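As written, the chains take the letters A, B and C, and residue 1 is the first residue of each chain.
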Amino acid sequence: MMNMPVSERSLGPAAGQGTGQPMVRNDNAQHELSVRVRDLNLWYGETQALKNIDIDVYQHNITALIGPSGCGKSTFLRCLNRMNDLIPGVSLQGLVEMDGRDVNEARMDEVALRRRVGMVFQKPNPFPKSIYDNIAYAPRMHDLVSRKVDVDELVERALRDAGLWEEVKDKLQEPGTSLSGGQQQRLCIARAIAVRPEVILMDEPSSALDPISTATIEDLMDKLKRQYTIITVTHNMQQAARVADYTAFFHLGELVEYNDTQTMFSNPATKKAEDYITGRYG
Amino acid sequence: MSQSFDEISAQLRRRHRKTTRLKWMSMGALGLAALFLVVFFGDMLAKGLPAFQQAQIQVQVDYNERAAELPLAAVQEDVRPLVSRGYLRLIPGRMEDNPELLGTTRKEWVLADSAVDQYLKGHHTGLRDGQAAVVERLQADGRAELRFNSGFFTRGDSKMAELAGIASAAMGTLMTLLVTLAVAFPIGVMTAVYLEEFAPDNRLTQLIEININNLAAIPSILFGLLGLAIFINVFGVPRSSPLVGGLTLALMTLPVIIIATRTALRSVPDSIRHAAFGVGCSRWQVVRDHVLPLALPGIMTGSIIGLAQAMGETAPLIIVGMVAFIPDVAASFSEAATVLPAQIFTWAGEPERAFVEKTSGGILVLLAVLISLNATAVVLRKTFERRW
Amino acid sequence: MPTNQLFALFCGTLLVLGLIAYLAGRYKAVRVRASGTAMHAQPDQYAWFSVLSTAGPAIAVGALGGIAMLLLGAEIPTPYLLAASLGVGGVGLFAGLRRVRPDFHARKALESVVHGCLAGAALISIFTTFGILISIVGEAIRFFQMQSFWDFITGTTWNPGASFLEAAGRAEEGASAAQFGSIPLFAGTFMITAIAMLVAIPVGLLAAIYMAEFAPARVRTLAKPVLEVLAGIPTVVYGFFAAISVAPILVDVAGLFGLDASFNNALAPGLVMGIMIIPFISSLSDDVINAVPDSMRQGSLALGLTRGETIRDVVLPAALPGIISAALLAMSRAMGETMIVVMAAGMRPNLTANPLEDMTTVTVRIVASLTGDQEFASAETLSAFALGLVLFVVTLSLNLVSVIMIRRFREKYRINNL
């Protein structure tokens, strides 16, 4: 199954289930392909956690992954930058394609992949370094910048893009852990965008934060999508409805419905999605 | 604008090499430690295994009146320097005990001098040329050979290498450890029970806790100074005795037992305590009947490990005088005694080559006992380990 | 009668008294209960209470008398003491039996005694520390009354040779006055400790990194006990190995380079001591590295940093307080280590920076000055306690700093099992 050329597979009707394309098009969204996933299956040991996932993710969009806990949405997210490699006992089949390459192929360097697919975690995890070094560290290692002025400029831009500059510009040398939770999370976003990835994965980025910080992060995501492709897992349906262009609903390891966000929340195509959205379970 | 995967991979090649280097270096460090162990045990085995064999030679012993006066006369002149003087010294006594020996001549296998022993083991230095020739002849006749050295385990210390054994030291170790166990185990367990189950969280308790952790890290030689100044000089406990050694080691072992017992007590889940309280047990009854039995394997494991540590300890015992020449097994806890590590230390100071072998042999015995103690502890833990 | 027999008599009588107390207490309690009165405790508890009220005072009196004789030099004839303590025991027996009444909380009384015993046991560890402190400080003060403190900490010559003459009141006859300048000893200790740390820190830390970050689970479960074996080998064995096997090799190797090495060079004990303390560093560092939250590693890897960079720049800095703590603990262990240096290092106080020369250490001098035939009150013997005091202060400070560092690490990541 693995690496089967996409063209050989029956893609079915032009749009809808099983093709990986959203059921209803969002005309405000862009539709250049960023990540293409076909027939993705994943096991933790004997337990299958993802079943036959097909999805196309488009550039400069926010794609939200929703579903009850344990439905596989975070697992799926971590397939996109191969963070699942770190978990022993995970086996995987299927295609995750980016820039014309299967990210799971043998000669793909997962470190290179993660350069292009950044990630923000549920709990803010700043490094035990100063605010400045939290951001400057990775670009320096990647040789994106070397001169002091360039580094300064890069740090400032990342912090500005993350909406944190005004709050921290006078205390750049303080440890990153001295910030509040919401600020720490924006620091982590700044850290992620400082290496200029193309895709940013966000794993429930605001679930550990207060409502005001959450609102700030949502505004930030909206701004960031002009430059980056954002895929976010959220347990909060209102958040998905507010920020996402497309929404994918996962249930028991399957992708049940992938749809334009507005349609998903007003007129879902599947019964399961409707039950979940209206609060019958979850 | 952005780089392709291949471009990034090319940049990463150097950085990946650094990871690989770190991996190999760290593996090498572990390998180095393992290599040391192999070299160390190999060296000790090579040096120490010959100690378990001892040369004996077959000579003609004349039990005559002259021999009763002058034991040397009992054997012929050519083999005289080859026979252990320790053996010859016993001849008059044997003749007294068995009068019928008088006037007989017997062929006997007797203990050889340590120089002969070393010669047969391939170290051709201790014997003069003439003597070496005699040994060669005896060996060719089958009258000189290496046999299992049972004396190593049954005799005490001696200035003559062929007679030196570990019996007195082993007995001393046993007695010392008995004292240590008798003192450290009850006090250690009681302290741990108090701290874990009874103590209020106040300044005093915190002081005790910090203090125990510090005791565990105080150099062992300072415990020796304590033993000397308090036990010997103030309380008048006899110097060099298993009693003072055991008491000194007990204070050292105490923190080990306390810390292990606390860990064991802490691993008993609170639900057990709550259940017992729920049926009307008092705090002490809960501890005695429910918590302690469950924690017992952990306590035993910790105590065995603590005892093994105490068993290998030498420095504080030197200070309290337990490094001494002890040819006989101590008869009571207040008599002078020595312990295995101290015996090793004493032998290590002897210049003769035969004693290097004895020292290594003693080390092998000590290591064997320590390893079996620790293995017992591991097995105990594995057998009774419970996950709550 | 000799003390031993008196002691046996004491124990025997006490045992009998205890048995009487147990049976009588129990009998009385059972009778009361049988008469239909509700009691606060079980008959057994009353019985044990009676035993305690008999044996407790008797033992207390006996112990007090013993201590008075030993410590204060009081002259109490042993038979009198025996009679007194047993008499008190008898009184206790009757007092105990009288309290076997329905309204008496025997269980509570018993438990408060148990509680007291446990607390008393816990205090013994405090007494031990104070015992060490008092014994060392007391003798050290006596030493400093004989010798100048200033000379002790600044002097560069350690030559106690003539001190026994001074102790005998014949100082003038000594060829030269005894000198107790401890700097050469501390230089030796420092040199050997430094060599040991140079071996142990890199090897121990790298081994910890391998076990925590690279090793497959099987290698890890095997490697940990193997390293622990290093810590379990008695130091006297290491000392023998350093002196007999390592030192001659080092002399040969130094000879190849045209260097002249002493058979008691500082390098051999330093190297072997370094190997001995590897597990102290690797074990604690391994725990600390494992305790660094995984989210930290993931955050770094998700930025496209390699495994090695993540370890070097994220994991190790996060674990640094714990690693420093481990190193300090190992250092204090190395400074106080005795047998390896006694057997493999020199006896000659020697102020040098050349590790191939023989040097002596603080612990070697402590042993040397306490194993000779000196009179206890001589300055040389007492100097052992002065050296011990310095060793105590230094290792205690290292341990305290180490505890503070590990506590800081624990609070930072809210880890409770370190």
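In the analysis below, a contact is a pair of C-beta atoms (placed from the backbone, for glycine too) under 8 Å apart; a residue touches a chain by one contact, two chains touch by 3 or more.
Computed from a predicted structure; not experimentally measured.
Chemist: Which chain would you call central, comparing Cα centres to the global Cα centre?
Modeler: Smallest centre-to-centre distance to the global C-alpha mean: chain C.
Chemist: Sort out for me whether A-C or B-C is joined by the greater number of C-beta contact pairs.
Modeler: Output for the comparison: B-C.
Chemist: Suppose each chain is reduced to the average of its Cα coordinates; what separation in Å results between subunit A and subunit B?
Modeler: One centre to the other, that is 61 Å.
Chemist: Express in whole angstrom the distance between the two chain centres, defined as the mean CA positions of subunit B and subunit C.
Modeler: 19
Chemist: Can you check how far apart subunit A and subunit C are, centre to centre, with Cα atoms defining each centre and the answer in Å?
Modeler: 55
Chemist: Using the touch definition from the top, which residues of subunit C touch two or more other chains?
Modeler: Subunit C, residues with two or more chain partners: 304, 306, 309.
Chemist: Indicate the residues of subunit A shared as contacts by at least two other chains.
Modeler: 111-113, 115-116, 141-142
Chemist: Provide the list of subunit B residues touching at least two other chains, using ranges where the numbers run on.
Modeler: 8, 12, 15-16
Chemist: Please give the residue numbers of subunit B that touch subunit A in the complex, ascending.
Modeler: Per the touch definition, subunit B meets subunit A at residues 2-5, 8-9, 11-12, 15-16.
Chemist: What part of subunit C is in contact with subunit A in the complex they form?
Modeler: On the subunit C side, the touching residues are 293, 295-306, 309, 313-314, 317-318, 412.
Chemist: Touching residues of subunit B toward subunit C in the complex: what are they?
Modeler: Counting only subunit B, the residues touching subunit C are 8, 12, 15-16, 18-23, 25-30, 32-34, 36-37, 40, 43-44, 47, 186-187, 190-191, 193-195, 198-199, 207-208, 210-215, 217-223, 225-226, 228-230, 233-236, 251, 254-255, 258, 282-284, 308-309, 311-315, 318-319, 323, 341-342, 344-345, 348, 356, 359-360, 363, 366-367, 370-371, 374, 378.
Chemist: Write out the stretch or stretches of subunit A touching subunit B in their complex.
Modeler: 99, 101, 108-109, 111-113, 115-116, 141-143, 196, 198
Chemist: Contact residues on subunit A for subunit C in the complex?
Modeler: Contact set of subunit A toward subunit C: 81, 83, 86, 111-116, 118-119, 121, 123, 125-129, 137-138, 141-142, 177, 188, 191-192, 195, 197.
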